[in-house]
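Naming follows writing order (A, B, C, D and E), and every chain is counted from residue 1.
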Amino acid sequence: MNDTVASLHFKFEVNGGDFAKAGDASSRVKKILQQIGADQAIIRRVAIACYEAEMNVVIHARHGFVVLDADLEKIIIVVDDEGPGIEDIELAMTPGYSTAPDSVREMGFGAGMGLPNMKSCSNEMEIHSRRDVGTTIRMVFENA
Amino acid sequence: MLDAVDKGYFHSVHLLEDKCKGCVNCIKRCPTEAIRVRDGKAHIIEVRCIDCGECVRNCPNKAKTVLADSMTRLKDYKINVALPAPAVYGQFREGTDPRKVLAALLSIGFDHVIDVAFAADMVARKVREVLERPMEVRPLISSACPAVIRLIQVRFPNLIEHIIPMLSPMRAAANIAKHEFLDKPGAQADQVGIWFITPCPGKVSAINDPEGIEESTITGAIPIAEVYPLIREKLRDDTAISAMVDKLKVGSGLGVGWARSGGENQAIGGSRQIAVDGIHNVIQILEEVERGKLSDIDYIEAQACVGGCVGGVLTVENSFITRRRIRLLASENADDVQHDDLISSALECEDWFRHDKPIEPRPTLKLDDDMAVAIRKMEQMERIVEDLPGLDCGSCGAPNCQALAEDVVRGLATEMDCMFKLRERVTELAGEMMLLAEKVPPAMGHVEKKAEEKHAVGEHSTKPEPEPDK
Amino acid sequence: MEDSFVSKNTDHGVTLRRICEILDGHFVCGEERADQIISNACGCDLMSDVLAFTRPGSVLLTGLTNSQVVRTAEMLDLKGVVFVRDKHPDEHTLQMAKSIHLVVILSPYPLYESCGRLYAAGIPGCLEQSCDERHSGIASF
Amino acid sequence: MLLANIAQNLNLNPINEPSADVEVTSGYASDLLSDVLAKAKNGAIWATNQKHINIIGVAVMLNLAGVIIAGGIEPDENTVAKAREENIPLYITETSLFDVAGKLYELGLRST
Amino acid sequence: MTPDSRRKTQDAGRTTPYNADLHIHTLLSPCGEIEMIPPLIVEAAKVAGLDVIAIADHNSCENAAAVMRAAEGSGIRVLPGMEVQSVEGIHLLCLFDEIEQAEALQEAVYGSLISLPGGAYRYSEEQFVVDWEGEFVKYCEKRIALPTSMDIDEVFERVAKIGGIMIPSHIDRQGTGIIDILGMIPETPDINGLEISRNITPDEARVRFPSVGNRPIFQNSDAHWLSAIGERHTILHMAHRNVSEIKLACRGVGGRRVENA
């Protein structure tokens, strides 16, 4: 990103299995977007998508990062984890499909709506995943 | 200086300067980070304050106060109408007939009384109607607690559309009062005082600065704590008031139940509802709503005070005791709805329950109106945060390092307000002075050797403390 | 935006009403929700083990009738509880169950027979987990 | 039905198996020992999640054919020692109590 | 207890009969009424003529210190404690002299309990921590009404090590009493005393449950609401009102004894 353009970059760590802190990164992202005065509707979409992605890391992966890049045009969220990877992305995109262990379902997570939700909230979404290595999800939100 | 951003909202929570010792209890507990300590005194950032009363509750020096109306104002009006909050009933001994409490109000200076619990009965029916209609927005959030409404305006502007389009029982009661005493031919508005008997500062503010309606019908709010001793006196020898009891209209037990957490849901009935109390718990729930996590819930009863209205800071009795009393009243008189005629006519009056203007967001987080500037400030803020110790100690007067950084970029504080930064800087300066002190004229000799020695000492002293963990 | 925790093997499940029939039981509360589909069952009198084992959405069969059972059911989001051997829960327990809209069935059969009948009807238990997983499951709350 | 058949059928892990040549006449499942004392029959095989030493005491008193600790629960040391001392067949399994009861029932063992 | 100190306490001289109700819940327990706040508990104990009370919430002692403070100057001795639920589901009354001892046990208990995800609001019951005046301090965010992962032997050992006493609660109750769950009083650990519920007399208990043997029996109110406090009590003949004296009373040392009221 060009230095002369107003832009910001934040990186938050997410630990797998740490349900106590789950959602912290998304809350920070939300607050930052509120502070720069992003549109409320967009903030909400980012908050939902980012939270879903963050929860995926907490539920499935060992460790990961939520990265926020924003400028006047775009908000980009990249969630990168070291974890089991997604075996069949197309299947994972099916609403209701979930591999979340039952122990986390009663907390209201792992309902199988994570990826479809992220996709419907963002303007663009890319998923890269390698089995037993990890998953990277990149979501772009038009800041207009 | 912080007040410069004030947009002139009315607030009932204020600081008693001479009592404030500048401790940081309030800044740590404030749910909207609306308090800073400056020059040894707490300052409330008015735009952010939601009048939840959390600081009043937590101040060890009783330096926070609530500006409300007093009984003495009754003499300014020819006719005075009391609107007692259901929480009033919980203040008196178990077994006290609510009607006697209303009668006591009539004998301490009020001419009429409209039971807010009765209005709550009607609002509960109206809410049920709304919940039964298929609607897109879920969950809906109760409009009964003004502090929660302000919290949503300030911190969750996204969720304004979730607030149920329905006035609170207090407002509905006020509209009944208006119908009975102001809309009658020959009534003179300036001669009628309508007074809410309030458990909390939130209601005081809501009355003086209404949300969702053009004009407040209510003249003012008198704390429960002020009428309590007067009513108790009357209840002690109740022969005088017992005679009046039969003429009084009182809400059902379920209406009274609104005073405690869970009572509103109980009155409305239904299963996909949750009740949350305590402002910090409310924040957690709203976060979840914002993330779309509670869309299988129809209705959220949310109250800023733990235990509900009985936990308000302007009440008298311990909230656990009052909660029990309210619960007993709710179960004893659950079906005891009086004067069905008024209820049915009231339920036809849609206007009594409707907002007549939208609730506006009051976002206070934006660093600048120009997003490019805001982004730059954000970057700058992050650099400052990285440089701060991250202890969130509060000694700078801001609740945490993040908030201090924000104050700095807003031009309301400097990094040197941080104890640790200041100490670092002082040590640095001390080191420089040492070096300067060594700069004696070469003619005086031993320069290099001395400087070496001193420098070594200086290095030790520049790190008097281990770096605090980030 | 949220689905309603429908798990994959819904097709193989049976309704609570059917479970009640299989067990020759009757509903003491929550009958209006008896058409929910159950995919797993758990039989246990130790709530500590129920916590460790049971899947959300299951039905719990137990000979214990105190309020702990309802607490556990609430916490694990269980859809129903069967009190075996015709044991009646006390009023407090029943009130709690009603307040959280839990389906409660009384069965005349002992735990063994109740489990046996449901198992024979094709209802699987909650999948076995290794001890390690169980512990991590608990730690993640 | 012989204990050996059951152990094989359910793939039970023997902790103490003085003899598998024991006739099992009924099944029982419970974690409340008083309930077992009151209701279980002589010669029953009892499945439980309890691991306390008293389970062996109950088995001795009722002359049970054997005890299965279900759900992957490891018995206490003194429980194992007591089982050995009293010659009570003791098995463990990862299978849940519900499934153990279900499988025993399927094998035709009733509770009476 | 060392032989030395035993001699000392034996020599302590005369014993006094104390009215004791050693099992009282506060509003922290999910089943406890919200009226069970420290000042009212102390008031009710005074009215009931009790000399010693113990605060025993489920798996937690977070309100015990507040009751101790509320009782200052009232003449009532408050023992801090808790009612631990073992992994078997057995309710065990654990009593101490000092709040720090109770807190040491609480730390171990909390380590094996499940936290409430996202605060108390998700559940139908609330668990309140209050101050000595009964004002709200916070919600307890542990699921204190569910069992710990400690078995009865582990609870016993821990309590003994900290210097407290463990008494199985309401042994005659179904589902939570030791006899229903374990069939009989186990031979180990070496349990000093047993508590029975209000539904039975000590004599009936000894007849119905032979494994009780000659162990001393306590009867407490297990109060969950104010009017229950002191409805059942035990008379403890002791030299002082503390846990080591209760232990001695259980053994009948030096004229000390546990008398049923």
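Quick note on the criterion: a contact is a pair of C-beta atoms (placed from the backbone, for glycine too) under 8 Å apart; a residue touches a chain by one contact, two chains touch by 3 or more.
All values derive from a computational prediction rather than experimental measurement.
The fewest steps needed to get from subunit B to subunit D, moving only between touching chains, is 2. Compared with subunit D, the chain whose C-alpha mean position is the greatest distance off is B.
Ranking every chain by how far its Cα centroid lies from the centroid of subunit E, the top place goes to A. Centroid to centroid, with C-alpha atoms defining each point, subunit A and subunit B lie 33 Å apart.
Chain centres here are Cα means. That of subunit A falls 49 Å from that of subunit E.
Look at where the CA atoms of subunit C average out and do the same for subunit D: the two points lie 24 Å apart. Averaged Cα coordinates give subunit A a centre that lies 34 Å from the centre of subunit C. Within subunit A, contacts with two or more other chains are made by residues 19, 48, 107, 117. Residues of subunit D in contact with at least two other chains: 31-32, 35, 50. Contact of a single residue of subunit E with at least two other chains is seen at positions 88-89, 115, 117-118, 174-175. Interface residues of subunit C, counted against subunit D in their complex, comprise 41-46, 49, 52-53, 61, 63-64, 85, 109-113, 115-120, 124-126, 128-131, 134. By the touch rule above, subunit E contacts subunit C in their complex via residues 30-31, 87-89, 114-115, 117, 123-125, 143, 145-149, 174-176. If you check the complex, the residues on subunit E that touch subunit D are 88-89, 151-153, 174-175, 179-184, 186, 188. Listing the residues of subunit D that touch subunit C in their complex gives 27-32, 35, 39, 47, 49-50, 71-74, 94-99, 101-106, 110-111. On the side of subunit A, the complex with subunit B involves touching residues 6-8, 10, 23, 26-27, 30-32, 34-38, 40-41, 43-44, 47-48, 51, 70-72, 108, 117.
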